[in-house]
Structure formats: structure tokens, C-alpha cells
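What follows is a short report on a single structure.
Chain lettering (A, B, C and D) follows the sequence in which the chains are written, and residue indices restart at 1 in each chain.
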Amino acid sequence: MNPIVQNLLIVFGVLFGALTMAAGLIWIERRMLGLWQDRYGPNRVGPFGIFQVIADMIKIFFKEDWIPPFADRTIFTVAPAIVVATVLLGFAIVPVAPNVFVVDFNIGILFFLATSSIGVYSLVLGGWSSNNKYSLLGALRGTAQMISYEVFMGLSLMGVVMMTGSFSLHSIVEAQQGMWFVVPQIVGFVIFIIAALAETHRLPFDIPEAESELIAGYHSEYSGMKFGMFFVGEYLGITLISALTVTLFLGGWLGPSFLPPFAWFSLKTLVVILFIVLLRAALPRPRYDQLLSYGWKVLLPLSLLNILVTGAVILATG
Amino acid sequence: MLELLWLIPALPFAGFLILALFGSRLSRQSAAVIGVGSVGLSAILTLGIAIRFISSPPADHAFSQMLWQWISVDAFQPAITLYLDALSLVFIFVITFVGFFIHLYSSLFMYEEEGYSRFFAYMNLFVGSMLTLVLGNNLLLLYLGWEGVGLCSYLLIGFWYKDSENGYAARKAFVVTRVGDTAMAIGLFLLFTSFGTLDIQKLLQQAPQEWTINSTQAVLAAALLLGGAVGKSAQLPLQTWLPDAMAGPTPVSALIHAATMVTAGVYLIARTHVLFTLAPAVQTAVAVVGALTLLMAGFTALTQRDIKRVLAYSTISQIGYMFLGLGVGAWSAAVFHFMTHAFFKALLFLGAGVIIFVLHHEHDMFKMGGLRKKLPVTFWTFLIGSASLAALPLITAGFYSKDMILWYTFAGEQGNDWLWAAGLAGAFITSIYTFRMVFVTFYGEAQAEITHKPGMQLKVPLIVLAVFSLIAGFIELPHTLGHLTLFSHFMHSALPPTEVLHESVSLELLLQVIAAIAVLLGIYIAYHIFIRNRSIANNLTASGPGALLHRFWYSGWGFDKVYDTLFVNPLVWFAKINRNDFIDLIYTGIAGTSREFHRQLTRTQTGRLRWYATGIVIGAIITITVVVYL
Amino acid sequence: MISIPMEFGLILAGTLFVLGLIGLMVRRNIIFVLMSIEIMINAAGAAFIFAGAKWGEPDGQIMFLFILAMSAAEVAVGLGLILQIYHKFQTLDGDTVSKMRG
Amino acid sequence: MEILFYIASIVAVVSTIMVITRLNAVHALLYLVVSLLAVALIFFIIGAPFIAVLEVIIYAGAIMVLFLFVVMMLNLGKIAVEQERRWLSPGIWIGPAILSLILLLELIFMFAHSSQAIQATMISPKEVGVTLFGPYLLGVELAAMLLLASIVGAYHLSKRKKKAKHRFMEETAE
């Protein structure tokens, strides 16, 4: 097969998979929340309410695309696109299987960090351009939260990088042949999960949205397809961090050979997604200042310590 | 015993340090104990050392003690070394003993004064410096002491500094002596460049070998040292500071401006006598200066009303005698006169101090009078001192020392009839003004009431010094009266004996009789004028030429006026027209120009970032253009 | 493999630098001033990168890292200053903060 | 690939021009981010992927967000834009533009003499790290100190005294 055609196939495959996953997640999450909170969840549209996703899509697509007159039009329009674009860019480096990946950068992890740091703009600009004080507050909170947690997220991954000796995700997965990094890098793993949740402002860290305080925060003024993009972007983000967690700490596509690597990867990712949904169902939302001081006073020293210990062990064992 | 020599100057210095550092926290009693005690201990130590020195003299009749190396630069290596010989022994004896009694006297005299401990600190520093001056074995150390006593003199003249007159007097003393000191410093440079050392003994050995008699260098060196001596000892023409120095407390006048410091010049010339021997012309100048000074000061003293000024001029006059003695080569006679003069002049000053003390700072003799009954001790001791000063024959120390000088002036190898005549005239005048002072002060009608009696601390020094003023002369008797030569014999270990041309007892007797008659005549004239008939004096000063002469003498022969016209006023005039300092114009011009530039540049300092950035860009463009394209 | 003329990279860096300079000279708003300074710093760093790439050595990148650290420090302090100025003068006009002149 | 370089260059220059001409600070910041991304792309092309990513993470992702944060905190709105419009009269551009143009021409003229090409050799992060912590260790220490100083400075500068109001007393609290 022509390598270009093959590459294109992979690109579209990953794109399709990610988007499908994101859409499916809407339904999965609501069902799972229903399950854990002992209620029904969506159950009217189709079997087990499985067509709820389609119903929502239809609603979003056909809702009036209204831009408030006091908003900054250009930025208001651009903002939602940024989150989807950056998260989708992030998928480019995820190796789904030994031969199935869009690109294998030698700076893979850094690329992911770069995309996620650009993703902040969508939230900030969305909140600012809405010209609404709740939106602005949400945006301010989101900015502080995300640039803080980005730091620990990067630092928590450095242990993995040191053990592998490369930023390339492909090499990282292969380095986990003997043991998944979740075992030696348990501290890094925990910090990464926390930081990644904060980075995607998922519950319990959905402080920029915080319905009860800020009436949906930075996307209060959004509706229709623009809101849909934020919505999809969030689920894409969950999928991305789950996929990355699997790749970095849980052995990626590795697994016993009775299942193909692709299946292992998908399975593990799904488990992580379910775990994240479970977190949403289980944990309350912390206060804004608590979140920040927890980050700077606990997670930053911990991640630095993790790097220090990892480095020392690597030096000692040669 | 001799090894303790270093303690003699060290004790007063230690007293000074303690008083200077902790003086403000000490009570008056402890300040007095420290101030008087340090000098007293020095005096006792001096006594011990003197006994030891005389009973078993060290080799070469000199003892030197090196304490430490002071400076070490190539060949210039002056050490802190003390040198004790007959000459310095006499001096330290006088300094510590007279100093001790004056300190004792001051402990009561100054008791009411503010700055009591400061006074004793200065006094101790003075005694220490004076001892350094006398004991130093090289000219640099001597110069250190020389300047040290000058500083103390300045500080003590201006002791009551709140009165600007005193400050002026102190400044005058300092500046005038500075003229002499500068000459002396130049003399030291000359000696050092010629011999490569400032060690006095080495100098005195080398000088006769390397310099011929009357060589330019010898004359120059001796003249420059004479300049220093003239300044310090208030001789013509630098005598004007001493009468004004009487502004200081009376004990200061007694110690510094009568007994010790002003005789430093005598010490310097005696110490470096070899140099003066090499320059006979300068030595003659010494004698002439002495003779002129003693006459000038004597006439001036005749007219003064202030008791301390009379004593000051008499001091100048008596030092003139010492210079006369030095000038004719009668070294030991000069030192002898220094010693007796220290006793009786200190006594006179202290006595005058008592009078001033009990009369509430009254200095004018003509407002005193009739104190004979009220102050018996003071009167008798003052009378003894005056007799000694006037050289009353046979019984006073002053007679023997003055007679010795007059004898050598007449009979000595370098003697001269004219100088002798001047000395004789001086003796005559001395007796007149001395007894004028006594008669005016103690006889006649009382002009003022005394308020309190002098205490023991005032009387004891008077009595002791009076005894010394009488008996000190008996250690050296002339040929006519038993020919005892204890003092001159002792001095000859350090100073050469005087060559005498006319060795004749009858001639000596004749001269003595003449001198005695002159003295007695002077006393009689004083008695006639100031006790029998006061109007004679008034008539003399009332008429035309008499009044003119009186005014002339009263003003100290107009030296102050001459110096004012010659030096002070031109300088003041120059300073006045140069108020804005024309040399400074250059600097103020530079300053003004830069200030103008600064003002212009300040305008560019707008505080606006854009403006600054533009400036940087323009600068960068210019720099790149110049560096790369030109 | 690509091949780009060296001078083009430097000219790009120079152009960016000069644009920052224009911003610095024209703008009064201190936020824009700070932004212009950032442009210039970045341009200077870019020149280092081009030079490093020319010789294939990592030193240029090291210098960029230092420049990056410096610029981060500068922005932190600069933004603190901007906040203080705004609180004090209620304006962002850089010309109001000219009290220290001459 | 060369065409990518030129496109990115043009984007960088154009967006930088937009930065300095915008009236609204947020718009300008966005253009600046675009410019930085374009420069990052250029870095990537000429073989400095590590720096390219750092440019995005730190410059575009952190420093610019900080800017945006401050602008949002000040929340200047329409008045500020009006003020900018008043300040930026067309005449004001002439002088700086001419000066800068001279400077640029001088620079170009200087560069024009060299005619060597950049051969894009990929320099891996590892090489950069080894050099950074090798010969340039002292520089790292200095940079660390600089950052520490700026943390302290920024903290101190942005501390604001607040008035603590109470019914009975009024005092300033830290």
C-alpha cells in the first residue's frame, strides 16, 4: 500500500475513533452516573437510551447559533474551535498500536504539553469575549488553574521520561515491556491523573464552569454548535488524557497476545475513562483557593521529589 | 633603676589617656589624684634616677634606652630612644618637680572651673610631651615633643575657649611659634640630607668632622635651628605671642610659659651646641638676640599694668639672659639660669595666681595694693621670688646664675663688653620693674577686698619653690664666694666648659659689685617712685616724650602693630579682595559649565519610555553606521 | 533535508525585532510596550537559534533557553508593575509614570 | 519544506505587524500568540524541535496566558480602545517607522554579505540537555537565581494593601 495512503488512513482512523469515542462518552457517562448514583440516566431514546447522543446532536446542530450583541464576535467564534483543534492535535502522537500512529515525535510528550497549554486559550478567550462577568470570572479561574496544573503535569511526566531516556511515546511504551511505569512511577501517575483532570477542567475540578456558582462559567453565553464544540472538546480531552495515561503508565498497547495490541489499548483507555467518570460521581468540588494551594503546596513539591528520587535511583542502578 | 627611665614620660601620658578617655565620668577628686599623681610619681622616679645617675654615673656619663623602632624606611630609621645625660637630667628634674608643684597648686586653683579633668588631661599631655622633647635622642622625636608641647600650649591658652579673646590668643601663639617650627623643620631636613641621620649624638660627632667652621651648611643649619628656638622661646622677633598667652589659666602660665616650654629653645641650642660652635656668626647672633630681647622686654615690663604681663615680659627678658649665655658659650651658665629661673618664675606666677584668685580674677596691679598683711605667706614667698628675679646679691639663686652669665659675657672667649653692658642694664631694669610690681601690689592702700584665703594646696608649692629660689644658687658659687662648682662640673659631662680670657678674681669681684649696686639702685628707685612718691611716675608718663615712650613700651615696642601692618593686614586685605578666590573661578567655571550641561541634559530626561527607546534606536543607528560602514 | 539561506533567517529575526522596536516607540499603553519588548526578546532568541542551526550546534538553543528564562522573569515583574501602576494611577498610560524624570 | 518556512515567516511578520497596530489588547495578544506559533514552526523546520515546543509551552502557553490574565483582570473594555485610538494618530507612526526602517536596512545590508545556507540538522533535546548541564551549568545556576529573584519581586510588587473595614475600627491589613 502506498505509504501516503496508509498514513492518511491512520490519520482519519484516529480522528474518527476519537470523535466517536467523544460522542459515545456523552451517553456512557450519563449511563454510568445513573448507575453509580442509583438512578436511570438516559433511557427513552432507543435501547438503553443509546440514541440519546444522536438526539443531542440534532438538537445542537439545529439550535439557533446566537452571538450576544455585547460579545467580541471574532474571538467569540474562534474560541470553541481552539479546544477541539488542540485536543485533536494531541491525538496525533498517541501510538495506538506498534504500527498505528500518526507521527512519532522525539519530543512527543512535550508536544502533548504544548497542545494542552494552547488549549487554555479556548477557555480564556471564550470567557473574555462573552463580556459577561460570570464568564470572565470563570475564565480567570480557569487560567489560574490551568497554568498552575500544567506545571505539575509536565513535571510528573519527567520520571517516566527519565526512565525511558526519550520523549517519544513509542519508546516509552516499549520501555514498559517488563513492568508498567505505574508501579515505579506511582507518585507521578497519581499527580498526572490529578493534574490532567484539572487541565481538562473535569469534575471535580470544573471550577471554571461551576454551575452552582458561575452558571456554567466561561460558556454561559454559548449555545448551538459553538457550545457543542466546547462539549465535544471536553470529552475529547477526557479521551486524550485517558489514552495518554494508558500509554505513559499502563503499558499502552502491551498485553497478553490473545488480544491484538489495538484492542488492549482501547480496553485500557475505556477503563481509565470509566475511572474518571467514577471520580466525577464520587468527589465534591474543592474551593478555588484550596485547589490552587493544594497544587502549589503539595503537588509541586511532591513532583519535584519524585524527579529527585527517580534520578537518584537511575544514577545508583546505572 | 635607670631602666625605669621610660616610665618618666609614660606616666604622664598614661594619666592623659585615662583622663581623656574617662575624664567626663571621673569625680574632681579622682581626676586630681590621677593628674597630680602621675606627675608626682614621675617626679619621685626622676629623683631616684638622678641619685643613681650622680652616685654611679653610667659609661660616658650618658644612658640611652631604645624602646622600639619608630619608622623604618631605607636609611631613614628613627627609633623611639630615650637619652639621659646631665643636660636632660636637669631638664627632667625641673619639669617633673616644678610640674608636680604646679599640678598640686592647680588641683585647688582650678577646682571651681568647668572642664577640670580636661585641664589635667592637657597638663599631663604637656608634661609627657615636654619629657619626650627633652629625653628624645633624635631630632625627630624631639620635634614630636616640640610640636606636642606647642599643641598643649595652644589648648591650654585657649582653655576658656568660650571667650573669643582666649581663642585668638591661642591661635596667635600657635601661628607665631609655627613660623619658628617651620624653620626648624627645614633645619632638620637639611641635617638629614647632610648626615643621613637625625640621631643627635651621631650628628654631634659627625658634624665637626664633615663641616668646617663657618661653612655655609653649618651656618644655615644653626640659623634654622635658632629660628625654631626663637619661636618657641619668645625671643626677638617672635616674642609677641607670649604676653597674649597669659590669657590661659595662671598655672599654665607658670608651667608652660615660664618654667618649661619656653625654655625648650634654650635646651635645643644647648643640645646642638656643636652646630653653633661650628657657626660662630650664628652663635653671636644668639647672644645679640638675647641681649636685645632682654632689654626690650625689660623696658616693656616697666610699663605694664597687668601683673601677669609684667611676669610674661620678665620671662622673655630672662630667657634673653639664657640666650645671651648660650651665645657667649656659657652653656652651663645658661642651663643654670634656666633652672633657677624655673623655680622663681614659677613661684612668681603662682603667687600672682593666688592674688588673682583671691581678688576675683583681677589682673591690674594698680587695683590691688596693701596685700602684705592679708596674705602674709604669699607676700613673703612672692618677695623671695622677686628678689631672686631681681638677683638680690648673696642670698638669692637668681644672683648666682645671672652673675655667672654676666661674668662669662664679660670674660668669656666669645664675650663682649657691649653685651655685658646690655646684661647689666637689663639687671638694673629688672630690679626696677620687679620691685615696682612688689610695691604696687603689696604696699600702699588696699584697692580691693579679698574674698577668701588661699588653701594649703596653694601655699605648699609657694613655700617649696621659695626655698628652692633661695638655696638652688648655692650649688654653684663664683670664685669670689667659695668657688663651689657642683653644677658646672656636673654639666661638663654633657656640655663643654667655657674658655675664660681674664682669669682674675679681682675683676670678677669688681663686676659683681657693679652688678649688685645696679640691682640695689634699681630697688631704691622703685621704692622712691612707687612707695614714697607716686606722683613721679604719673608726671613721667603725663608729659609729651615720656607719654610717647610709655605708650611705645606699653605696646611692647609696637611689634604687634608692625606685624599687623606687615603681615596680618596685607593677608587680610588679600583674603578680602580674593573673597571669591580667583583660582576657584576655574573650578567654579568647570562646575558651572557641567551644571549647565546637566540642566540641558535633564530636559531630555522626560520619563517617557518612548522617548528613551527612540534615543536608543538613534544611538544604535549611529553606532552601526560608524562602526560598520565608516 | 531543507536548505534555507542563512541571511534570510537573520533578516526574519531582524524584521521581527524592528517591528517590536516600532511598537516600543509608538505605543503609550504599557501593556503594548511590554508586548513589544517580548517581540524583541523573542526575535533576539530567534537569531540565536538561526545561528545555532547554521553550525549545527546546540549552543544557540541553550542561549534561547536562557533568554526564555530571562523573559519569563521580566514578564512576571513587568506585569506586577503594570498592576501596581494601574491601581495607583487608574490608567495604563506609560507617560503618567514619569515622576522620576530629571 | 522550504515553502513552509517562507509561509511561516510571512505569517510571523504579518501577525507581528498586527500586534503593534491593534487597539484592543486581547486581539494584539492573540496575534502575538499566532506570531509565536509561527516562529515555533520555523524553529521546528530548521531543526530545533525542543526549542519549538518550549516556545509554544512557555511563550505561547504560559507567558502570553499571564498577559491575557492581567488584561482580563484589568478588564479595560471599550474605553481603553477609544483611548488607544486617540493615542495612535497616524502621524505618530512616521518617525519610528523611518528610524526602524533605517536600522533594518543596515542590518540587511550587513547580513547580505554572508551567503551560507542553513542545513537543518536535527538537534535532539538530549544534546541540548547535555550541553546545558555541561559547559553551561553556571548559566543554569544564574538563570535559576534570576527566576527566584523575579518570583520574589513579582510577589512583592503585586501585593496590595487592602483596607479591612470594620464598624468600629479601620486599619490597614496586609
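Rule of thumb we're sticking to: a residue touches a chain if its C-beta (ideal position, glycine included) is under 8 Å from a C-beta of that chain, and two chains touch if they have at least 3 such contacts.
Worth saying up front: this structure is predicted, and the values here are computed from it rather than measured.
Undergrad: Just to be sure I understand: the centre of a chain is the mean of its C-alpha atoms, right? Then which chain's centre is nearest the mean of all of them?
TA: If we average C-alpha coordinates per chain, C lands closest to the whole-structure average.
Undergrad: Once you count every C-beta pair in contact for both, which comes out on top, B-D or C-D?
TA: C-D
Undergrad: Return the distance between the CA-based centres of subunit A and subunit C, expressed in whole Å.
TA: Result: the chain centres lie 33 Å from each other.
Undergrad: Could you state the distance in Å from the CA-based centre of subunit A to that of subunit B?
TA: Inter-chain centre distance comes to 103 Å.
Undergrad: Just the number, please: Cα centre separation of subunit B and subunit D in whole Å.
TA: That gives a centre separation of 84 Å.
Undergrad: How many angstrom lie between the CA centroids of subunit C and subunit D, rounded to a whole number?
TA: Distance between chain centres, rounded to whole Å: 6 Å.
Undergrad: I need the residues of subunit C touching at least two other chains; which ones are they?
TA: 21, 25-28 - these are the residues of subunit C that touch more than one other chain.
Undergrad: In subunit B, what residues contact two or more other chains?
TA: 614, 617
Undergrad: Give me the residue numbers in subunit A that touch at least two other chains, ranges are fine.
TA: Subunit A, residues with two or more chain partners: not present.
Undergrad: If we count contacts the way the header does, which residues on subunit A are in touch with subunit D in the complex?
TA: 72, 74-75, 105-107, 110-111, 113-114, 117-118, 120-121, 124-125, 127-129, 136, 139-140, 143-144, 146-147, 150, 154, 165, 167
Undergrad: Which residues, counting only subunit B, touch subunit D once they are in their complex?
TA: 614, 617-618, 620-621, 624-625, 628-629
Undergrad: What does subunit C use to touch subunit D in their complex?
TA: Answer in residue numbers: 1-12, 14-16, 18-23, 25-29, 31-32, 34-36, 38-39, 42, 46, 49-50, 52-54, 56-62, 64-66, 68-77, 79-84, 86-87, 92-93.
Undergrad: What part of subunit D is in contact with subunit C in the complex they form?
TA: 1-2, 5, 9, 12-13, 16-17, 19-20, 25, 28-29, 32, 35-36, 39, 42-43, 45-48, 50-51, 54-55, 58-59, 62-63, 66-67, 70-71, 73-74, 76, 80, 83-84, 87-88, 92-93, 95-97, 99-101, 103-104, 107-108, 111-112, 114-121, 123, 127-128, 130-132, 136, 139, 143, 146-147, 149-151, 153-158, 160
Undergrad: Using the touch definition up top, name the residues of subunit B that touch subunit C in the complex.
TA: Subunit B reaches subunit C through residues 602-603, 605-610, 613-614, 617.
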